[in-house]
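There are structures below to look over.
Shared between the two complexes below is chain A, which has chain B as its partner in the first and chain C in the second.
Showing the complex of A and B:
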């Protein structure tokens, strides 16, 4: 193992993550908390009026409701810069190369420079291209990743007041519908470029996305069935209380064990009648426990299925046939240059982030602490948290700069999401590309039947066990 | 008009009416584009926009589930497949059309007249359909329900589909299955013929 390179990679990740989320945090706080409280709280005092006028109150509320979109607009470009650099350095680590390490301090500013270079490049529209659709394609590709991610915001910030506005009862279905739109843009880009390579890339991406959307959606549908709701915030809420409650481990099939573990481990009063409680979670004596185990296996498989489908959906290696550079130059974006190419690039990395967040919310418990509650209660964390609270109280109470509940939720979400991103990069560094017939066979003959079987198994196994829903 | 928060502004009738007229105008413009655009692939992409507009109308009616299904199935799924099928068709179709027109202009007057009737037929059907739908919308006394829409209308739809309307739902799914199998059979038919003829020859030879 190359310890020095791993150290450099983690230093890079920590630096860029602090930059990214620091900027998002400041933007959200400024627009969502500081300016509204300034104009409604302090302005009347300065102008010597008793109450702020309705116009001012309205403007304050408008700013608050714009915060979700603003946070995404700040987040997406910085995040894409980080992810490109992270991917290049990680790949360099996996393949024992150096990676970009010159620009800025140890290559930290490499992608920022790349972004500036891309923006200054000439924007070329090839002759014979359909100019209108050529311009429209990157926009359609990029826009869904902004408004599709909106319902996720409430889920990953522990339902913070500022992000509640964007929550929908159809949550996950809305996100999936938004995630299916970029395919149109790929076909459009391929066709409008007036280039055979682009056209083939666009057609391939459509065939691939339509095939792999089925296992992807089926896996999420099965999770919704276990949860009994489509609302992402509610799904996250159900999974609270440690790793045993997460959807990846049976969608709540183990939560009975989680609740009973402290009694069995003699951590609390042992005179409690555990068998009655056990019967409440697992009604049929032996069958229920077996079915809980079956559910755990099913959900782990579904998680794998989701990751595979998501990888294909966002055209990442090993499913990057639409932009296979050895066959198609660069696929659907062959003819794009300058800012349009930058938008394609931006959207691709944002999509990677969005599918990782969906995985985090649907399978990995969202902003939940992985340590079960009964272990957490035993740890002497209270003095530490009290000390931290009193130290940061001016920030928490007076300025409302930190909301502890949101802060920890966001922290765990960041850890989980970037772990999945790192896993995707690891897969990219490990697996070769599929051939188109292998891709179709794998999708239609393996993944879709597997997804259907898992769906049926979960439907039956669920009747014996008390799950989240 | 003074509003305290954004929720109030959005839920006023004026905002809703404005949104409706905007989306309706967009959908109508795009659908005119679909039938008037000479380039058939462009027309296909415009059709995706039309379905997006219709989904917006469903959103205004607070039918989120149908709106999203509209986007996912009609706008992206079906129309995209149609567009891809169009891309694989012969681009010379347009030239053939022009040739046909050239032939038509050199025909005798009576044939020309009959041709014009034949060409006008789809338009006539379209007009009849339009008038029928228009009359149906205008004449019927539509019931106006004062019932508010529940938060969980997806649950209501799901329950209705699996209880009261399970039979029509099953009928629809069987019909779709039959269509699917039929399509596969039609697509396969040619191939079987091609491979069968030489095979028969071989078989007869061996006999």
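Showing the complex of A and C:
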């Protein structure tokens, strides 16, 4: 193992993420909290008027409502730029190379430099291409990945007031609907390019997306069945309290054990009769425990199913047939150059970020701490946080600068999302590519039956176990 | 306006695609004219000549000494073998004795070259299969060590000009031999490493089994040689069937598969892997048997190099197959005629039969498996 390179890569990730995360955090606070409270609260006092004028209130509201959308619009592309570098450096690590490490701090400016280079390149529209469609395709490819992520925003920030912009009761449905739009863009790009390779690439992506969206959606539907809701905020809310409550471990099938563990381990009042509580979660003693175990296996498999489907959905190796270099040159984006290509390229990473966020929210407890609550309660965290709080109190007290719950939620989301991203990179660094017919076989003959079987098993198993829903 | 539908039949056309010469996967400048029915190949025609450099004609316009520096470029991945083929036919013509030490050195560097060529093939073949960024670089790590060794002994990493008419260019020192020994000792483990990740990989098996089946009769018809024909049921290897140099004194196996109905791309892959192991064995033996003292060349290496009048053909077993050199000399400073028999050319021409009926995705899997070097095709 190349310890020095691993150290450099993790240093890079920590440095960059804390810088961007901190900047976005401060900007959100400034625009969404500080300025509105300044102009509606402090200004009238200074101007010695009783109430702020309606115009001022309107401006304050506008700023508050624009903040979450702008934060997504800024954070996701910047983050995608970093993910490009992260992927290149990680792949270099897996393949005994160096990777880009010259520009900026350990190569941080590399993607920015590439983007600037692409920006200044000639924007070529091939002869015979449908220019309007050709221009529209990258836009349609890029936009849904950002707007599809809107309902996730509240879910990953602990339902903070500022970020409650799109708390739809059918959140996951909207997200999936938005996530299936980019395929249209790929077909458009393939058709409009007037290139045979692009056309084949576009058609392949359509076929692939149709086949792999089914297991993807089925796995999420099964999770919604366990959760009893389609609202992502509520799904995250249900999973709070440590790793045993997460959807990946049975969708709440283990939360009874989680609740009872402190009693069994004699950490709290031992005179409490646990059997009544146990019966509340697991009505039929032995069968329920077995079914809880079955549910855990099912949900772990569903998580794998989701990751496989997501890899196919966003065209990553081993499912990157629409842009298979060795066959189709570059597939649907063969004819693209300049900034249009850059948008395609960035959007791929944005999509990766979004599908990883969905996985985090649906399976990995969103912003939840992996350590069970009853362990966390026993750690001497309170004195530490009190000390920190008193140190930062001039900042926190009036201005709500840091809401600890939101901060930690965002922190854990980023850790989880980057773990999934790293896994996707590792897969890319290892596997060859499927052939198109094998891809279809794998999707229709393996994944979809598996998804259906899991769905049925979960429906039966959860009748004996009390899950989140 | 008539509402009548004229034809209910769906009309589909064949699509003609020019794959290459600027295609990222055609290993250089091959152009393939493909007629596709949907995703399947109906007709394939390799169009060659984009890299024609008149190598044979150049041989007639340069002195012997100049030309031997040039011919490494014919097959740039295995320059030792092109040099050796030329040197051997000139030695036959000249009736000059090659010192034993030089012969051992020739076998040693050639087998090193065979390994480095197969390593590059392994890496690029995996890229052809879409393992774009992960594994392919590991073979390159070992190849780099070999290239460093070549650089030290020949002064060049790829265009060696090491094997000369009559002998070799220079002798290795002890440090070099030690490094080579260290390499041979660890190399076996490295091959195990490649095999662990590739050979039984389910996606790799799916992509390579049962495609590009080359029957023995077809292979013979097209003159396919090397590992590609040994996968189809013959043990034709010049090192055994027509032994030359010191190969009879060395112990090694020629791996082949008894499959006259035809070997698939996976068979050709596994034969190359086994060949690397055998080459490693040969190098080990050469290291033990190499005489420490002795002549390096049976001829003076200077600009006045001459070859006696007459004509001769001789061939060697290169990583890609039988590499032959035909030469006519009139005893003057330049040759009358050079003619090369390049394995890549024959291996490439069989593609037009192999590709028919396979989907687009398999084109590169099959093309990569016959191991073609384009400058070797076009000369």
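Observations on the structure shown:
We adopt the following convention: the second predicted complex is superposed on the first by the 465 of 469 C-alpha atoms of A that agree within 3 Å, B and C clash if a C-alpha of one lies under 4 Å from a C-alpha of the other, contacts with A are read in each partner's own complex, and residues count from 1 in each chain.
Simple rule for what comes next: a contact is a pair of C-beta atoms (placed from the backbone, for glycine too) under 8 Å apart; a residue touches a chain by one contact, two chains touch by 3 or more.
Worth saying up front: this structure is predicted, and the values here are computed from it rather than measured.
In the superposition on chain A, contact is made by A:170 with chain B only, not with chain C. Judged by the touch definition given at the top, the superposed model places A:106 against neither chain B nor chain C. By the touch criterion stated above, A:161 is placed in contact with neither chain B nor chain C. Touch criterion met: A:327 reaches chain C, while chain B stays clear of it. In the superposed pair of complexes, A:431 makes contact with chain C only, with no contact to chain B.
Of the two partner chains placed by the overlay, only chain B lies in contact with A:180; chain C stays clear of it. Once the two complexes are laid over each other on the shared chain, residue contacts for A:230 go to chain B alone; chain C is not touched. Once the two complexes are overlaid on chain A, none of the chain A residues touched by chain B in the first is touched by chain C in the second. Chain A contributes residues 54-55, 57-58, 61-62, 65, 130, 133, 168-170, 173-174, 176-177, 180-181, 183-184, 187-188, 191, 199, 203, 206-207, 210, 230 to its touches with chain B in the complex. Contacts from chain A toward chain C in the complex involve residues 91, 94-97, 196-197, 200, 317-318, 320-321, 324-330, 428-438. Note for the complex: chain B touches chain A at residues 2-6, 9, 41-42, 45, 48, 64-65, 68-69, 71-72, 75-77, 80-81, 83-84, 87, 151-152, 154.
Put simply, chain C touches chain A in their complex at residues 15, 17, 23-25, 39, 126-138, 141, 197, 201, 203-204, 206-207, 359-364.
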